[in-house]
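Consider the two complexes below, in which chain A is the common component and chain B and chain C are the respective partners.
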Partner chain A sequence: MRARNFVSVIAAVGAGVALVSGCGQGGASGSSGDSKVIKIGTLHPMTGSNAGDGAQLQHGAELAVKKINDAGGIKALGGAKLELDAGDTKGTPDTGQSEAQRLVSDGAVALVGSYQSAVSANIAAVAERNKVPFVMDISGDDAILSHGYRYSFRLQPQNSRFGATAAQYIKDITKSKGRPVTKIAYLHEATAFGTGVYTAFKSEAQKLGLAMGPEITYDAASVSDLTTQIAKVKASGANILVVSGYYRDGVLAAKAVQTVKPKLDAVIGAADGAFDQPQFPTDAGSAANGYFDVNYHLNDKSAEAKAFADLYQAAYHDKARASAGFAYDSVRIIAAALERAGSKDPGKIRDAIAKTDLNPLSLSNGPVTFDEKGENTAGLPVLTQIQDGAPSVVYPDNLAAKTIVYPAPVQ
Partner chain B sequence: MTTTTAPPAPTPAPTRERAQSLKRSLLILVAIAAVAACAPFVLPESRQSIAIRVLIFAMMAIGWNLMSGYGGMFSFGHAAYFGIGAYTDTYLLVTFGWSPWLALVVGAALAALVAAGIGYVAFRYKLRSAYFALGTFAIAEMLRLLATNTKWVNGTTGYHVPLLPESSWTMLQFGANAAEYFYIGLAMVVVCMVVTLLYLRSRSGIYTVAIRDNEDAADALGISVMRVRLTTMALSAAITAAAGMFYAQYYTFVDPDTAFGSAQSVQAIAPAVIGGVATPWGPLVGALILGPLADLTVTWLRTPPAFLDFLTGRSGLDVVLYAILLIVIALVLPKGIVGSIQEWWKRR
Partner chain C sequence: MTARTTSEEAVPSEGGTISRGGTSRRAALGRSPVTVTFALLIGLTVAALLRSGSTAITGQALLTGLIAGGVYSLLAMGLSLIFGVLDIVNFAHGAFLGVGLFVTYEVAHQTGLNPYIALPVAIVGLFVLGALIQLLLLNRTIGGSLERQLLITLGLSLLISNVLLLAFGGDPLSANLTSDPGVHVFGAVANLSRVIAFGAALVLAVLLYVLLERTSFGRAIRAVAASRQGAGLVGIDVRLVYVVTFGLGTACAGAAGMLIAPFTTITPTAGDQFNILAFVVVVMGGLGNVTGALVSGLIVGLVEQLGGVAIAGQSPLLGVFILFLLILLIRPQGIFGAKAP
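And then the complex of A and B:
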């Protein structure tokens, strides 16, 4: 007994020492870099509850690197090849920060990430302090770029834009179809994302003279049923329900609507994570029919976006989500900036990124350009609707693939 | 009440011997601090943030160990005190431009007050063992939801510490990866350790352990159980709040989940349990193992040895390792690493 205990103590101490001493070796090996290789750091949640989305983003970035390298690398730097240095944020801000710091110390000239706003907020501070550019593929919270950071840029339209655009679209459609809004009920998840979209929606709706009904919130992490919330919608007498949430709770909302059957002319997502996804009709069944979503979307008409979707399917045996396209474009923006800067100096790359002018894979108001805050001025949320079991763009008219069906009462 | 009426141990240790053991502990602490102080020279720059994480883990675990290890009041909600420290700091800094050092005093006092309040209600209504643990968990969750839904602490958005153009000791802000962060964190850990060691030698500290071992006997001997427990809880909360303030300053960002989330409660418990509950050095040893665990497995997985090639690029192994480590320690070393070493040393 005594001997066994002794052995285990030694083993445990030994393991501890090995872990700690391994510390020193790990970082040292990273700094030896080929001058013909340019490192770009990616920061996505590769483990944890958002690992599925993290993988999509990571794959998008990988495809962009492969494409650029196959086409001869960065020509202004003698055909230097891009290399991804992949960080795992685990979806937590402090790991995101330490990973960002590690990537910068290991020589990454730019960072791409990170899916969650709280994590991106931390990485943006790291980027600012180290003077290394950070391009956000997906992260919606307006506050991230409200601190006057010079080194951070965001490709995805920010939350407030989703909210405001959704209100505008609802006004346009209800007016043109001759079925005006009596009252809008709003269901949203309770963190920064849902609250931010709601706040922007409400202020725009008030400007447009749309009557707002009840605001109903829920905790997306723990919710297992939304019928009580939908019953409130029914009782309010609203004819439009707007929803901002993630995928799982979006499906729950659709099922609850089908059960409770409120008298609605339409259910419309504002940046909702479910209502524009190809697998949503599969998971929600007939409840999904006619659902709208105001969200970012790949440009189905562009040959490049089609090629990307095919490439993605072939490489990873999965459907590319729109977010993967944003990661792909983020790497392209950095590559284009490297070409223009003709230098690996992060400060010069930053200045070149600020002058970005690039046609994205996603639907957009023209090429991507960044304003002085670092927001993508061309980001354009579009309206999609589930028709015949699949989401299609139905508004604005010039981008629409199918005609809008409104009212789209609950079945 | 006099000391002669309270001998829970067979014979109270003579004062001289007690003073000697305190001296020895302090010497060990100085030695540990001296070795740790070399870290910034040895560690590559990209590993500095891991060293900081170890320090934050250590501070949280020292706080938890005092209340739950020595005091026997199992807390599953130390995130409450951690979050109070972090939020007080950022709130006062962002809103009024206060120095984090002042905010530290306020935050620690506030956390101590909250802890004493929670303790008073819990013990007044005789909440014990598992129910007490659940209660602390519920309080932390309540605070998280409160912060999430309270507009004047910025709701879900939380706070960003504004970045300064230059380093500043008063505002506790330095360049990214500056060694100052490490030394300030180390100094804070040392202070927390000294406070803990002194407290455990004080009358109140000795009573704390006595109450843990036999509450009824201690009560019968005239120890004011409530007062001693509340003092211990308050001190534990103040230490944990200091960790929260340092976290906020280093990461320059807090939101309800990072401050009050249950992950923080676990991070206060795990190092202490792995290192050894109710041992003075357990939290430090545990933090030193758990802090780098995730990063090292990830680094190692990027270039694994040849026979483990199939693991390349797999993520999540650190979580598996973490779980295995906890299981192995619980089975083989139920007293934690330091606890088992101590036991072995005594029986030798």
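And then the complex of A and C:
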């Protein structure tokens, strides 16, 4: 009896799926008849533990579509309007993969996503198989583009660049401020992200002659207290603490540092998800003061980035994060490629994206250009510091909005 | 013989058990499980000392573990109570903790006062929420299959976290204390808010124990746990007991949520990470054994922290799950659980 029930449930679910996918294909053929609309698929975590960041990215993409459509759409295609087809990855690789497949079947000519490397890795495989271009706004893991994919591109600097740049910046600053590194303790979350940044940091630090202290890892999904880990930092006698983690654990780390009070000259994030966020000083309180982060950042000096931030604030009543700027730029890159290709053929769009030359909203070494692997060669990690309750760029000097404060001991 | 007496002293009175047919529990509680667990804890402490080479780090791990364990205990006691009395595997427990977090956030931000004034609100609010869920949803499934209730609670957990997402958005929120200084204990240090959470969790745990052991309603709850039909025959309103028990269980989750709110980043899915850990604690303590959950919560907290130091470079939960597997293999009824009838 029970077995039969089970079978009938499976059958019902199967029928439901068939129905839904059938509808999807029907919709695709319907919309391809309407030549005035071009669909771009977005894949972000709209629910689940990363829903806050997913919303930021989605909003960034929406603003870009609105701007392009208000300016007359894609002129090379008779003023065709862009339309976002939004997928929800739920933050899991398998959902991201099935959603990517659904959007492609739905007639999306390009994909944008996805915030998490593990999810993007699966989407990139779907994009390659279906020959549809995929522009990654946020996803750091180097390995995603190590398979020789032709259809995937990445806007954000990859993890290894954050690690190496962080080591370089630390060397520069500690030297110029006359308080050199005695030892660097490194705290990172234990998955590919934290480990990848750490590995790149360590190899660069050894080249630069910086002394590495203990490597301390933790599980970002389950951690609820980092006091013991920070006690290890204190016992090691290091004067610099480098952290690579996500938002929630970054706040925990800052609070633990304030409680344990290790004798540090600076706490520096390497691609840390907390230390450069506008709400970090609110959540961590006075513990946040003086914290550094080596990360991507909006170009606060560019008029276009300012306009974007204002538009975002007006539309969503929230501060735009740098990541939203990357989603915005990803859609602009696809739109520019549509203009140049003059076609909705995904293969031609791909070739046009490969020749991208576009000024981004984020701080950058000039316009975005992709190398043959699909990496953005112009992406530039910068050093930010929390001063007066907000993150500001403090290094490299030519991009700095505020003067660096180092040493920045724990208060 | 002496070993047996000491090990039994370490275990609170057998009355704390809410499980069927546990009459010969005293006999089932051999010297092994409790002594072995404590030997393991001491062994882990020594390993942590040798590995880190520092009493400061080990002392910190002990303090942090104990304090984290207090909250695990409170959370798991609610879960264990629900399982013991209602036979429901409650997958929504972490979500209820999440509701406790948001209740605290709302109260603290609406009134602008210290977040701890939200404690009674969270307890009463979650009690009512739990009681309503039992009354309107789960009471209808009494006597049905275990999967039905399990699926309902799983659905509830998805519903709750997505309603929270809809209402509050996915961005992290906080309900910090205006000042949260470190409290020093033998060279180790913990935030005041964590010490308060530990103390309050233990007080609430003792209150729950007293309620179950020393009041007539508590006796009715235990009677229903022992035999639903028997309790019904002597005139106990079984459905009411179910409603109150589920409410008490969710109130534990709500209180735990309030107590961790001052040092936790509040997001709609913040409760999920505690779900698995709470189940580990419940199974270790013996399914349905409320006092067992109290003690094994502390053990899990300690093993998590000491294991993190002793087996560095791994997830701190590795030690917890190794212990968990060992217990499942050697003593599937849990450290403090009675042998299955």
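Note that the second predicted complex is superposed on the first by the 378 of 411 C-alpha atoms of A that agree within 3 Å, B and C clash if a C-alpha of one lies under 4 Å from a C-alpha of the other, contacts with A are read in each partner's own complex, and residues count from 1 in each chain.
Here is the rule we use: contacts are C-beta pairs under 8 Å (C-beta built on N, C-alpha and C of every residue); 3 or more make two chains touch, one makes a residue touch a chain.
All values reported here derive from a predicted model rather than from experimental measurement.
Peer 1: Which touches a greater number of chain A residues, chain B or chain C?
Peer 2: B
Peer 1: Does the superposition put A:Asn130 against chain B (first), chain C (second), both, or neither?
Peer 2: first
Peer 1: Scan A:Gln206 for contacts with chain B and chain C and give back first, second, both or neither.
Peer 2: A:Gln206 sits against neither chain B nor chain C.
Peer 1: Of the two partner chains, chain B (first) and chain C (second), which one does A:Asn365 touch, if any: first, second, both, or neither?
Peer 2: Touch status of A:Asn365: no partner.
Peer 1: After the superposition on A, what does A:Asn50 contact: first (chain B), second (chain C), both or neither?
Peer 2: A:Asn50: touches chain C, not chain B.
Peer 1: Scan A:Thr403 for contacts with chain B and chain C and give back first, second, both or neither.
Peer 2: The answer is neither, since A:Thr403 touches no partner chain.
Peer 1: Tell me the contact category for A:Ala190 with respect to chain B and chain C: first, second, both or neither.
Peer 2: A:Ala190 sits against chain B and chain C alike.
Peer 1: May I ask you to decide whether A:Val251 touches chain B, chain C, both, or neither, giving the answer as first, second, both or neither?
Peer 2: The second partner, chain C, only.
Peer 1: Look at A:Thr92 in the shared chain and tell me whether it touches chain B only, chain C only, both, or neither; answer first, second, both or neither.
Peer 2: The answer is first: A:Thr92 touches chain B but not chain C.
Peer 1: Is A:Tyr218 contacted by the first partner chain B, the second partner chain C, both or neither?
Peer 2: second
Peer 1: Let me check the overlay on chain A: which residues of chain A are in contact with chain B and also with chain C?
Peer 2: 47, 51, 190
Peer 1: What residues on chain A touch chain C, complex-wise?
Peer 2: Listed in rising order, the residues of chain A that touch chain C are 47-55, 190, 215-219, 221-225, 227-229, 231-232, 234-235, 247-248, 251-252, 255, 258-261, 279, 282-283, 285, 318.
Peer 1: Quick one: in the complex, what on chain B touches chain A?
Peer 2: 42-50, 53, 148-149, 155-158, 160, 162-163, 175-177, 247, 251-253, 255, 257-258, 263, 285, 288-289, 292-296, 298-300, 303, 315-316, 318-319, 329, 332-333, 337, 340-341, 343-344, 347
Peer 1: Which of the residues in chain C come into contact with chain A in the complex?
Peer 2: Residues in contact with chain A: 52, 54, 56-57, 60-61, 64, 67-68, 162, 165, 169-174, 176, 180, 182, 188-191, 194, 260, 263-265, 267-270, 272-273, 277, 305, 308-309, 312-317.
Peer 1: Please give the residue numbers of chain A that touch chain B in the complex, ascending.
Peer 2: 2, 5-6, 8-9, 12-13, 15-16, 19-20, 22-24, 26-31, 46-47, 51, 88, 90, 92-95, 97-98, 101-102, 104-106, 118, 121-122, 125-126, 128-130, 141, 143, 147, 190-192, 195-196
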